[in-house]
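Both of the next two complexes hold chain A, though its partner changes from chain B to chain C.
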Partner chain A sequence: MNTPLRAAFRAGLAGSLIALHLALVGMVEAFNKREIIQDTVTLGQLLLLGVSIGTALYALQLIPQERRATRDGWLTALVSVSVVSLTLMLLSLAIQTINLRFMFQNASKELVRILTFHTPGVVGLVKLWLFILVGGILGVGYLFVPRPWNRVLSIAAGATLIMGVMRSIVTPLLPDLLVDALYTASGLKRIGAVVLFVLWSAILYTYPRWKARAQTLQTLEVRLGPRTIPLPVFLGIVVLFALPAILREEGSYLFEVLDMVGIYIIMGFGLNIVVGYAGLLDLGYVAFFAIGAYTMAVLSTPELPVVREFLTQTIGRSTLNFWEIIPIVIVISLISGVLLGVPVLKTHGDYLAIITLGFGEIIRLLVISDLLKPILGGAQGITGVARPTFFGKFVINESWEYFYLIVITIGIALYISVRLRDSRAGRAMKAIREDEEVAKAMGIDHVAAKLSAFATGAVMAGLAGALFSSRLYSIAPHSFNVLISINVLCLLIVGGMGSLPGVVVGALALVGLPEVLREFAEFRLLVYGAALIIMMLYKPEGLWPERARVSPIAKEVFGDRLQQLKIE
Partner chain B sequence: MALLECRKLTKRFGGLVAVNRVDLVVEPQSIHSVIGPNGAGKTTLFNCITGFYRADEGEILFQGEPIHWLSPTHIARKGIARTYQNIRLFGNISVLENVLIGMHIHLKSGLIAPLLNLKSFIEEEKEAYKRAMELLEYLDIAEWAFFKARNLPYGQQRRLEIARALALQPKLLLLDEPTAGMNPKETEETTQLIKRLRDELGITILLIEHDMRVVMNISDVVTVLDYGEKISEGTPDQVRSDPRVIEAYLGHGAASGLKPVASAGTVAKGG
Partner chain C sequence: MLERLRYRLRYISGTDIALWIVAALLLTMIVVGSYNILTEGRYTGRQWLDFVISGLAQGSIYALIALGYTMVYGILFMINFAHGEVFMSGPFTAYFLAEYLKQKGMFQSHPLLALLLVMLLSMLVSTVIAVSLERLAYRPLRGAPRLVPLITAIGASFFLQYTFRGLYTPGFKAYPEVEPLKGTWVFFPNSLHLEIERMLIAVFVSSVLLLILLYAFVQFTKTGRAIRAVAEDQQAAALMGVDVDHTISVTFAVGGAAAGAAGVFYALMFRQVNYFMGFFPGLKAFTAAVLGGIGNLPGAMLGGLFLGVFESVGPSLFLEGLGVPAAYQLKDAIAFTMLVLFLIFRPTGILGERLAKRA
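Our next item is the complex of A and B:
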C-alpha cells in the first residue's frame, strides 16, 4: 500500500491530467454556458468539482482502509486535490503569459476567467484553489458523515443537480407556479436548489429500503400469493398513459426526446435477444431498422411512381396505410432476419461481427444506389410517409401522440423478451451463448435457436424503424449508418448484457442524456468513449446487471421451499 | 446385444493416430472404464462417440444402430450424455436452468406457446422444474439451485455436470475424469454416486478415470488404451496383472521388477 503522501500525488496527477484534458478540449468552457444554480454553479464548474471529488475518492482508495477515516484521510484527499488545483493554476498562468492557442485551440483567456472566477491576480488563483478544495472536502467528508446520512445527502445533492441540468425535461412536468418558484430561464434558483435538496434528503431518508439494506439477507426473499400487478407498476403505467395527454402543450420537446429513447428501447430489447440471450454479436443491426423504416416509407409515400404503378396494378390502390404496412414490416424483417442468419450459422464471435457489419453496409449501399432509386428513393430519401390514422378520422401527428404507439410497442417487445427468457427456446439461446458445443451435445438444435433469435430481434428493429420513419414523415439513407448499431450495442453494454431493466437504463443514459445536453453534441463521442472505458474497468457487468433469477414459475412450483435455499 | 459397440474405430489428426482401430463393446447396465496414460486417446474416443469428431474409419453402433455419421445433437437425442474433463457448465445462468437445458429434448414447447402463455406450456414447465429440482436433490446440490453455475464450489460443479447429463435421461453416460481434482472424501462420494447411477437408475456408464482406486473399485470391465491402441481389456483383476498395462504405465522392463499383483495405488502414481 501507499503512504498517504504518495497516494495523494498519484491520484492528484491522474486528476490533473483529466482536468487539463477537460479544460483544453473545451468542455469546461462549453459547459460553463449552462447554469445549473443561478449565479452559483455552472455545468462547467460542476465538471471540475466532479474531477476533484473523484480525485479525492481515488486517493483514499490508495491508502489502507483503516487509515481512511483519520487525519491521514484528510491529508491524502486535500493534498491530492491541491495537486489538481496547482495544475489548473499553472495552466491559467501559462495561458496568460504565453499564447498556447497555436496548439490548444481552447486555451483561451475566457477559460482563465472561468477558472479564476473572473477575478484577476492572486485572489483569482486562491479562489480556484478553494473551489477545488471543496471537492476534496466533499469526497473525504463522505467517510465522516454517519450512515445513512452520507448516502442520503450525496444522492439528494446528485438528484438536485440532475433536476437543474434537465430543466427542459423537468419543467413541463411541474405546475407553472412551482416552476416559477424553483427555476430560472436556464437553471435552478438558489432557493429552488435548497428546497429541492432538503426535499430529496427527506424523501430518501424516509425511504424504507435504506433500513432494509442494512440487514443482510440470509434467504431468498420471495413474495408469494396470487399473481397481481404490483401497485407501483400499475401506477407507473397509469402515469405513462396519462402524462402525454396532460403535457401535450408544454412537453413537446420532452416527448421528442422520449420518442427517440423509446425507439432505442425497442431496438435494445431486440438486440438483447440476439446478443444478450443468444450471444450472437451483431454489428449490422441497423439493417433491420432500415428495412422496417423503408418498408413503411416505400409502400406509403406518394412519391415513387414505379411502386405506385405496381401497387395500382396489383391491389388497385396506389398506397397502403400505416396499419396495413405494419404486418408487412413484420414479415419482411422476419424474413431478412432469417436470411442473415443462415449464412452466419457456423461463425462465432469476431467473424460473426464482421459479417453482420458487412450486412448492415450492404443494406445502406443498396438504399443510396442509383440503380434502386426508383424503388428506394436514392440518396435524397423519401418524404410523405404515412401517419397512423384511426377510423379514417383521427390522425397521429404529434410526438406526444406517437409516444403512445411507442410505449405500446415497447410493452410488446418487453412481453416477448420476458416470456422468452424463461422458456425452452430462450434457455436454448442462453445455452448457445454460454457454450455452443456443449449445447449441441445436450440435443439443442443450434440452427433453430440462432435463427429464432435473429428473427425475433429483426422484427423488433423493423417495428422500431417503421415507427421512426412514420414519425419523422421522411427518411434519408444517412440516418441508417453503422453508428446506430454501435449505439444500440453500447446501451446494452452500459445497461448490462441480457438484463431487461438494463435496456431502459442504458437507453436513458446513452440516448436521453445526450438529447438533453444537445448543445454539447460535439463532445458526445468523447464522453461516450470515456464512459465506456470507465464502465469496462469498474462495472463490466453493466449498470443493472442480470442476476441468477427466480422465475415466476419457480416461485409457483417451489413456494416456501425457496426460503431454505442459498442465495448469492 | 451390446449397448454401444465401436468397430475398428480410427481417428487421425494429421500424422498422429489418436485412436487406432479400437474395438469396444459396452454391455448394458455395466460400468466400463477406459484407462491409459495421458495422450492415450481416451478423450478423443469420447469425442468420436458423442459426434464432436467424425471418425476416419470404423463404425460406432448404439443399440445396433450406426451413429458415427450423426451430429452431436442427434447423438444426444439417441440417449448418450456426457460430462467433460475440464468442467463445461453454462456458467452465467442458474444451476436449475442448467438442468432445465439438459431436459431440452424432452420438452416440447416452441416459440408460440410461451408467448401466448398456453396452459400446456405452463404445465410442462412446472413439471420440468419439479423434475430438475429432484435431480438436484438426488445429487445433493438442491440448495444451490438459484446460484449462477460458475459461482458453485468445485465439487458441486462436477455434480451439476452429472445432473445436467442425467436430465437428458440417457441410456449411456460418458464420464470424463469425474473425480479429477477431488480430495479422497469427495472421490469416495463420487464413486458411490456412479454406482448408484447404475444400480438405481439403470444407466450404463463409460468412464475415463485416472484414479485407480475408483477404477478398480467399481468397474465391471476395464479397457486400457496406449498410443491410441487397445492394449488390454478385462475385469479389473485381469487388467491389473497384465504385464503390457504395467509396461504402458511404468515403461519398458518395469513389469519384470514388480510383483504380478501391484497395488492399484502404485500403478496410478506411476502413470
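Our next item is the complex of A and C:
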C-alpha cells in the first residue's frame, strides 16, 4: 500500500496520461460538438470529467481501506485530480506558446478554448482546474453518500446522460409531446435532464421491491403448441415483431442501426461456436462473411457476363433470386468451413490464429486481383444484388423490413447455438477447448468436433454476409477486411466468450453505440483496442460471462467444493 | 521391411493425404509456371538480378523486424501482434524531426548526420513503445492462458495504430530524400557493368550490419547471456540471479530498437509513412520468423532475406508463367500462402528449433 501522497501522484500521473491521450488524439474536440445537456455540458467535457472521476477512484483504491473515508481520502483524491488538471493546463499553455501542431494535428487553439471554457488568461486555467476538481469531488463523494443512495444516484446520473447521448435512438420511441418537453435538437434540455434524473432515481430506489414482484411475473407462462415459454420472453418477442411496423416512419435510422447490430449478432453467434465453444481462435472469420456476401451478389447481379453466360447455359436463366441463393450460400459456406478446417486440424492456439488470419487475407487479395475479376467483379465490387421478394410481388426494400428477416435469422442461429451448447457435440467442443489431449484420450472425435464447429460458424457468417450484401444492394471487396473479424472477436470478448446473451450485449455496445455516436466513428478501433486490453487485464470472462452448467449429480457429490474445483 | 511400412501407413490419416495433395499441387504449379516463364525468356538475366537485389533489401528489413518477433517468442511464447505497430511508431514520429531538419537545411548540408539523428529518434521511440507495451499490457498477464496475451496484443495493435492516426495524421507523410543515396552505383564497369540503386545497397548493408551487431549483443554480452538463459528456463535463470523482469524488458527494448531502425529504412525505400504501414510488414516479418524457425535468431535473419527475395521474384517467376494477369497484385498473397504452408507443414521452420514444438 502507498502513502496518500504517493498514491495521489501515481493516480494523477495515470490520469494525466489518459487525459493527454484523449485530448491529443482528438477525442475531446470531436466529442465537444455534441451537447448532452443544453448550455451545460458537452460530451467532450463529460469525457474529461470521466477521467477525473476515474483518477480519484483509482487514487482511493491505492490507499489502505480504513483511511479512504477520512480526510486522507479527500486529500488524496483532490491532489490526484489536481495533477491531472495541472497537466491539461500545461498542455494549453504549450499550445499557446509553441506550434505543437507541427507534430500533433489536434493540438489546436480550439482545444485550448474547449479546455479553458472559452475564457482567455488565468481565469480560464482556474476554470479548468475547478472543473476537474468537480470530478474528483464526485469520485470521492461516492464514499460519503450513504449506502443505497450512492449507487442509485450514480446510476441515475449515468442513465440520464446515456439518454441524452442516445437522442436519435430514444426519441422515436417516445411520443412527440414528451420529446419536445425533454429534448433539444442535439441533446437534453436542462429541465429534461433534471426530470429524467429524478425519475431514474425514483425507479432505481424502488427497484428492489419491484424486482420481487417481477419474479412472480416470471413464473407465468404462455402455452405455444406443446411447449410453454415464460411470459416476459413471450412479451419481448411480441414487442420485437410489433415495433418495426409501428415505428417504420420515424425510426428508419433506428432500424438501419439495428440491422447492422443484428448482422453482427448472427456473426457473433457463429464465431461464438468456433472460439467460445471449441476454443479455436479464428482471425479469418471475415472470409466466410465475404463468401456468403459474394455468393449472393455473384449469382443475382445482372452484371458479370461470364457468370450470366454460365447460368444461362446450365439452368436457362441468367440470374437467381434471393430465396434460391440462400440454400446455395449455406452449402458453399459449409463446404468452405470444412475446407478451411481440414488444414488447421493439427495446429493450436496462436499458430491457428495466424493461419486463419493469413487465409482471410489471401481470400481478400484474390478477390481484389484481376485474376478473378470476371467472376468476382475485382476492386470495384458488384452492384445490383437481389432483394428478397414474396410471391413475386412484395419486395423487401426498407431497413425495417430487413429487420424482420434478420431477427428470424438471429432466432435460428440462437436456436442452433442453444441446442448445440446442450448437446453431446457441443460438450465435445468444450472438452477440446479445455484440453485437447485429455479430450482425445476420453474418446472424443476431435476431427468431427472441430470441423463441425468450423462449418456451423461458417454457415452463420455466410448467411449474415448474404443478408448484408442484399440489404446494401452492392458490395465492394474492401469492406471485407480483417477489421470485421476483429470487430466480431471484440464483441465476443466484451460480452463474454461462450455466452449467448453476451453476444447480444457485446453487439449492442460495440456496433450499436458507434453507429449512434457519429463523432465516435473515427475512434472506433482505438476504443476497441483499448477495450480488448482492458477486458483481458481486468475482466477476461466478459461483461456477461458464460455460466458453467453443472449436472445435478456433480452438485450432489461435490457440493460447495464445486467453486474451488472450477478455479483449479 | 514390409511390416514397418504397413505400420507407418496406419498412422497416416485422411487429412494428411489431403494436405499432401494440396502441397503437391502447389509445388507443381510453381514448377510449371517457372518452367514456362524461363523457356519463354520474357525477362533478361539482368532483370532477374534486379528482382533479387530489391528482394534482398526488402528482406533485410523484414529480418530486422522479425528479430523482435522471434526474441519475444523465444522468451514469452507469445506472438507480439503489436510489433508491426512498434515498427510504425518510430519512423512516423521521426518524420517530424526529419521535416524539421529539412526546413532548417541540415538535410542539405549534412545529410548523413541528419539521417543518423532521425534514425536514433526512431529507434528510441520504438524502444519506448515496445517496453511500455510490455510493462503495461503484457507483464500483468504473464502466466495467463495463451489466448489471453494474444488477444491483448491484437488490442494493443489497433490501439497503437489509431492512437498514432489521431496524434499525427490519417494521411501519408513523405520522407525527405537523402541526396547521397540518390541514383545508382556501378560495379565492375568493365566486365559486368552491374548498376544498382544506391538506396538498396545502403539499406541492405546497414541492415546486415545492425543484424550482426544485435546478434553479437545477444551472443557475447552479459545481458545477452541473461536473455538466452531466460529463454531457456525462466525459473532456473531466476535462481541463478538473473532479474527475469528486467531481462524481458531488455528483450522488448532490443526488438523495438531493431524495428525502429527497420522503420526508417522502410520509410526511406518507399518514401512515405502512414499509421497503417506496420500491419503488412509486421505480418510478413512474422512469416519470416516462422520460416527461420521461431525463437531462432539467425533463422529469423535468413527467413527475412528468403521471404524478401521469394516475394520479389515470385510473381514474375511462376504466377506470370501460369498466365495470371497483373501478377504483382498477388505479391502479398504469395507471402501469406507461404506463411500458411509453413505453419501447417513445417511449424519448426527451415532451420528447425526446439522452441517451436511448444506452439
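Definition applied: the second predicted complex is superposed on the first by the 528 of 568 C-alpha atoms of A that agree within 3 Å, B and C clash if a C-alpha of one lies under 4 Å from a C-alpha of the other, contacts with A are read in each partner's own complex, and residues count from 1 in each chain.
To be clear about the criterion, contacts are C-beta pairs under 8 Å (C-beta built on N, C-alpha and C of every residue); 3 or more make two chains touch, one makes a residue touch a chain.
The model shown is predicted, which means the values in this text are computed figures rather than measured ones.
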**Message:** Once chain A of both complexes is superposed, is A:Leu365 in touch with chain B (first), chain C (second), both, or neither?
**Reply:** second
**Prompt:** A:Arg151 contacts which: chain B (first), chain C (second), both, neither?
**Reply:** neither
**Asked** So, does A:Arg6 touch the first partner chain B, the second partner chain C, both, or neither?
**Response** neither
**Prompt:** Is A:Ile553 in contact with chain B, with chain C, with both, or with neither (first, second, both, neither)?
**Reply:** first
**Prompt:** Is A:Ile533 in contact with chain B, with chain C, with both, or with neither (first, second, both, neither)?
**Reply:** second
**Message:** For A:Leu357, using the defined touch cut-off, is the partner it touches chain B, chain C, both, or neither? Pick first, second, both or neither.
**Reply:** second
**Message:** Residue numbers of chain A touching chain C in their complex, please.
**Reply:** 21, 24-27, 102-106, 279, 281, 283, 342-351, 353-355, 357-359, 361-362, 365-366, 368-371, 447, 486, 489, 493, 522-523, 525-526, 528-533, 536-537, 540
**Prompt:** Considering the complex alone, what residue numbers of chain B touch chain A?
**Reply:** 50-52, 71-77, 81-82, 84, 88-97, 100-102, 104-105, 107-111, 113-115, 117, 121-122, 125-126, 129-130, 133, 142-148, 151, 164, 168
**Message:** For the complex, give me every residue of chain A touching chain B.
**Reply:** 220, 415-416, 419-420, 422-428, 430-431, 433-435, 437-446, 452, 456, 498, 547-550, 553-554, 556-558, 562, 564-568
**Prompt:** Once bound in the complex, which stretches of chain C touch chain A?
**Reply:** 15, 18-19, 22, 78-79, 96, 99-100, 137, 140-141, 144, 146-152, 154-163, 165-169, 283, 286, 324-326, 329-330, 332-333, 336-337, 339-340, 343-344, 347, 359
